[in-house]
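Two complexes follow with subunit A in common, the first pairing it with subunit B and the second with subunit C.
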Partner chain A sequence: MADKTFIVRIKRQQRPDESVRWEEYELRYRPHMNVIICLRDIAEKPFTQSGVESTPVSYDANCLEEVCGACAMLINGTARQACTALVDDLEKPIRLEPLTKFPLVRDLVVDRSKMFEDLKRTHCWIPIDGTYDIGEGPRMAPSVQEKGYPLSRCITCGNCLEVCPKVNQRDPFVGAAIVSQVRLFNMHPTGAMHSAERLDALMLPGGIADCDNAQNCVKACPKGIPLTESLAAVNGQVLVHAVKSWLRGE
Partner chain B sequence: MPAVAPESKTGYILDKLQSLSGVVPIGAYLVDHLWSNSYALVSIEKYNQVSGELQTVPWRIGVEAAVLWIPLLFHSLYGMYIWSRGKSNALSHPWMSNWMYVLQRWTGLLAFVFIGWHLYTERFGGHGVTRYAGVAQDMANPWYVIAYLLGVTACSFHLGNGLWNFACKWGIAITPKAQHAAAWLGAVVGVGCTLAGVAVVLGFHYAWFPLGGYVQ
Partner chain C sequence: MTQPKIIVVGGGLAGLMATIRVAESGIPVDLFSIVPVKRSHSVCAQGGINAAKNLKGEGDSTWKHFDDTIYGGDFLANQPLVKGMCEAAPAIIDLLDRMGVMFNRTPEGLLDFRRFGGTLYNRTAFAGATTGQQLLYALDEQVRRFESEDKVKKFEGWTFLSVVLDDGGVCRGICGMDLRTMEIRTFPCDAAIFCTGGIGVVFGRSTNSVVCTGSAQSALFQQGVYYANGEFIQVHPTAIPGEDKCRLMSESARGEGGRVWVPKQAGDERAGKDIPENERFYFLEDWYPKYGNLVPRDVATRAIHKIVFEMKMGLVGEPAVYLDVTHIPRETLDRKLEGILEIYEKFVGVDPREEPMKVFPAMHYTMGGLWVDNQNQATNVPGIYAAGECEYQYHGANRLGANSLVSCIYGGMLAGPAAVRYSRGLESGCENVPGAIFERERVRQQDITDALLNQHKGTENPITIWREMGDIMTENVTVIRYNANLQKTLVKLDELSERFTRINLQDRTQWANQTLNFVRELGNMLILARVITMGALARDETRGAHYKPDFPERDDANWLKTTKASYNEGNIQLEYEPVDTSLLQPRERKYTAKA
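Let's look at the complex of A and B:
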């Protein structure tokens, strides 16, 4: 009996300045395959459906359990992680494309450093070291911990930026993930000591005012983070901070 | 590396003013405007009395400029700038809120064109004097009726959906539950304004006075 097969169509580009080509691969079906397995199968035998020899497809992947964010791509037009996209659940042929909101490196690999630069720009960390021992921080109430935990699950995959109409080449908007991290770090009692720096950064071009409430981010988040709640909460924080610092110098 | 952006908070302030101006004064004025025009559904005399009073407010040009024309121009033109910075993607991500994002922009444009024409014909064309008979004469034209129905619906949708946006963007409605409630509030305001506007337009067209029952 012949093996059951299925088709994967991949948008390929050797370099950002080279023209796009679509390739189709016929892969042998096994139960429980995910998209990463498909890409590995192609790397083993990089022959297209018509038998033409090609090259292994470049892609990013790391943890294979949806905690690193590296394998974000467009799968049948939806921004999601390749490691948790199961072949059984996907409409065939499966269409793979790189994310469109980040500079392309090659094939399915994009350069997501914008997000990491924006995390730095918005001071999304908690300083725990000084030139001397600064001691223990204040205790965190369990209720605050519970609110913060879902936010801490962000994997910086960029899916929320991919689906946002305000993240594009024309606008430097930082996107929902970064705003949600600002909320997380402002929630932390030690992090709160630097909340003014984060909120000031979000008033600059590309900051929170660029959010126009299309609310796509929350639907694209693989970790179920309440991104629209974070956006509204931080919107309020920035506003209060702006008014207080303007009127009262606080 | 992202491009080095100018370290200015002007954009933030303008964005916030654009959002605020849509609610106050423009949104508040739309509700008031539909209210005062609803007197056309009471009687001709009442309508002429109310519009006559509105047309004789002191410092009229200054008040109109400060409360209406300047906020309207700013809200519209800066709104179009904001629109130009976005890239709609409702066809590839057809979620309801994403369609609302797209509709908010197109209804805004429609409202801008409609209000411009409305001001030209009713305010500047008539030199600021409006009587029931004049409006009814315009409204006898079916093209006017169609334009008004479209315009009033676009303005009402834009206000209703805008109230929801405002509640989210000013950190008033934070939890999904609160945002859901804000969306319903916006829907009620939007539908209410549409119904009032449509009734007034049809009232003028058909010389219809459904609210005139208790006039002595």
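Let's look at the complex of A and C:
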């Protein structure tokens, strides 16, 4: 009996300045396949459905268990992680495209360094005095931990930016992930001492005022991070901060 | 001499900690990593990090942590460094806590601890079931802060190819490849710290991430760095088998009360949840009453093998056993284990809160690695340091759960300052090294790449060779080892290496060519596979994770020694050195005692 097969269509582009082409591959179905296995199958036999020899598809992946954030792409038009995209659950033919809101590198690889730069711009860290042993950290109520922990699971995948109508390659809007990180650091007892720096950064162009409240982000997040809640919370912090700064005559 | 220059290769926990320590001492760091450091494999660590803080009134102590670690490692670890690590661990937890790690808390707002394998104490701090991710992010954030102050410069998307050695054999820089432009370039430095992580990819499918190829370690080995105890490979007892990766179900599932069982009646076709309590065989609890489900990994893995292959009591239809958390309250599961249960749910499509999970052992961790000295994380080549999973100290013949994260951070803490001291002590820095030395290495590396790009007659597919290597390594060089099979493995590796010379690169472009990089890694993996197999073949005893049914006992008289592999013009040689057992007298390792 012939093996069951299915088709994967991939949008390919060798370099940012080269033309786009679509390729179709016919792959042998096995149970529990995910999109990463599809891409590996292609690497092992890079021949399109019509038998033309191509090259293995470039893509990013590392952990293969949705915790590193690397493998975000558009799968059947939806921004999501490829490693948790199971073939069984996907409509065929499966369509793979790179994210569109980030500069393309090649095939399914995009450059998301913007997100890391924005984490820098918004001071997303706890400024400790040094790594020497100066005793325990601040105590923290379990209820605070339970609020902070989900936020700290953000894998910087960029799916929330991809679906945001306000994010594009020309405008500087930082996007929901970064705002949510600001919330996390402002929540921490030590981080809170420096919340003004972060809020200042979010009052600049590209800051939270750019959010139009479309609420797509929260639906796209693979980690279920309460992004709209974060946006609202930080928006509130920024307003209070602005009023205080104004009263102080800054 | 002017300001020293230090390079760190690898930005997992070990690399980031080393970076922080160097930057803190005022010396700028160039940090290289294949993936953006925030995506390093350390994010996969689930269960937690060990430190004997004794916050549960159990009378735990750093000495007991030390004893458990040495005993768990079957006395193969050099003891003074392990003792240093265990003593430093509580302060490491405090530091991570100060950095903002969202550790789970007790009602009093203190850190919560759980129990892990190979110990009787609640010694493992955790942040849900994504502890590695949380720790890595905390260090990543500190490094980003240094980056914003221009104390750290990141080279993400670069791969390390080799070190630049001067005519005296001293490391004077590194040679790397930009994975986007494919440019090969050298970077001078006075000391280089390697923190390039695990080697799971050598075994094809493992619990490791895609970049854990050990390629960097192999490259260093081929340039003269010793590789120690390569044969000690940890196979984790509980993972979800998968074609692309075996996804770990952390020991924390058992630490929170999870139980391992099979139906008493072999061939019982009922769904796990329909099998009544008295018809289940909790074999770990039965065989190891004192430690129960929390025996060390090598012991649990062999027990599962025995159940499935010798006793034929595995689950129907697939080699697997049950890991059951369904009796634990949902609220506890969600608060403490959500991260891993979510993995099971997403990949298997079954809710593990309702149905027992089906798991099987998978290659997980290498105890062996680059040889480093007993105090400074220094390799035998001057100027080369190593920390984290890529080096061999701390775990002996078997690593205890939640000890890796602490060893990575501790190693990084030592390596950073040691590299600084070494660099400051150099009579003449890398700026005085003639350019020709760098150019020589760059050309050597460029030639290797060009040869691959220009080979047009190749017929061998890199992924196929890799699969075959992974399959034979998993079959013969993991849980159970027979000399005849190890010999066969070496023959197979010869065949694969020969086929490797006829590889078809498939992609000859000079932009983001992932195949080119993978093929270069594959060449290095084939050599590392040989080191591991040769070490296993030579060691005729059973110790920790290294199990030979034909030599079922630990043999201290002949084998209480560290394997040191070296490379000489294509030949791998093994030599041995004594283990420092100055603090604890080796004793029999036995977990079968009654509770």
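In the analysis below, the second predicted complex is superposed on the first by the 238 of 250 C-alpha atoms of A that agree within 3 Å, B and C clash if a C-alpha of one lies under 4 Å from a C-alpha of the other, contacts with A are read in each partner's own complex, and residues count from 1 in each chain.
Just so it is clear, a residue touches a chain if its C-beta (ideal position, glycine included) is under 8 Å from a C-beta of that chain, and two chains touch if they have at least 3 such contacts.
The structure presented is a predicted model; accordingly, all values stated were derived computationally and were not measured.
Of the two partner chains placed by superposition, only subunit C is touched by A:Thr190; subunit B is not. Of the two partner chains placed by the overlay, only subunit C lies in contact with A:Ala70; subunit B stays clear of it. Touched residues of subunit A were counted for both subunit B and subunit C, and C has more of them.
By the touch criterion defined above, A:Ile178 lies against neither subunit B nor subunit C after alignment on the C-alpha atoms of chain A. After overlaying the two complexes on the shared chain, residue contacts for A:Leu204 are found with subunit B alone; subunit C is out of touch. Shared-chain residue A:Val163: touches subunit B; no touch with subunit C. In the superposed pair of complexes, A:Glu229 makes contact with subunit B only, with no contact to subunit C. Looking at subunit A, you'll find residues 113 touch subunit B in one structure and subunit C in the other.
On the side of subunit C, the complex with subunit A involves touching residues 20-21, 24, 35-36, 38-41, 43-44, 91, 94-95, 97-100, 102-110, 127-128, 130, 133-134, 137-138, 141-142, 144-145, 147-148, 156, 180, 209-211, 242-245, 247, 335, 339, 343, 346-347, 349, 413, 461, 463-464, 506-507, 509, 511-515.
Interface residues of subunit B facing subunit A in the complex, by the touch rule stated above, are 1-3, 5-9, 11-12, 15-16, 82, 84-89, 92-93, 95, 97-98, 100-101, 164-165, 168-176, 179.
Of all residues in subunit A, only 14-15, 30, 32-34, 36-37, 40, 43-46, 55-56, 58-70, 83-84, 86, 105-107, 109, 112-113, 116, 119-120, 123-128, 130-131, 133-142, 145-146, 148-149, 152-153, 155-156, 185, 188, 190-191 touch subunit C in the complex they form.
Residue ranges of subunit A in contact with subunit B, taken from their complex: 77, 113-114, 117-118, 121, 163, 165-166, 168, 170-172, 203-216, 219-220, 226, 228-229, 231-240, 242.
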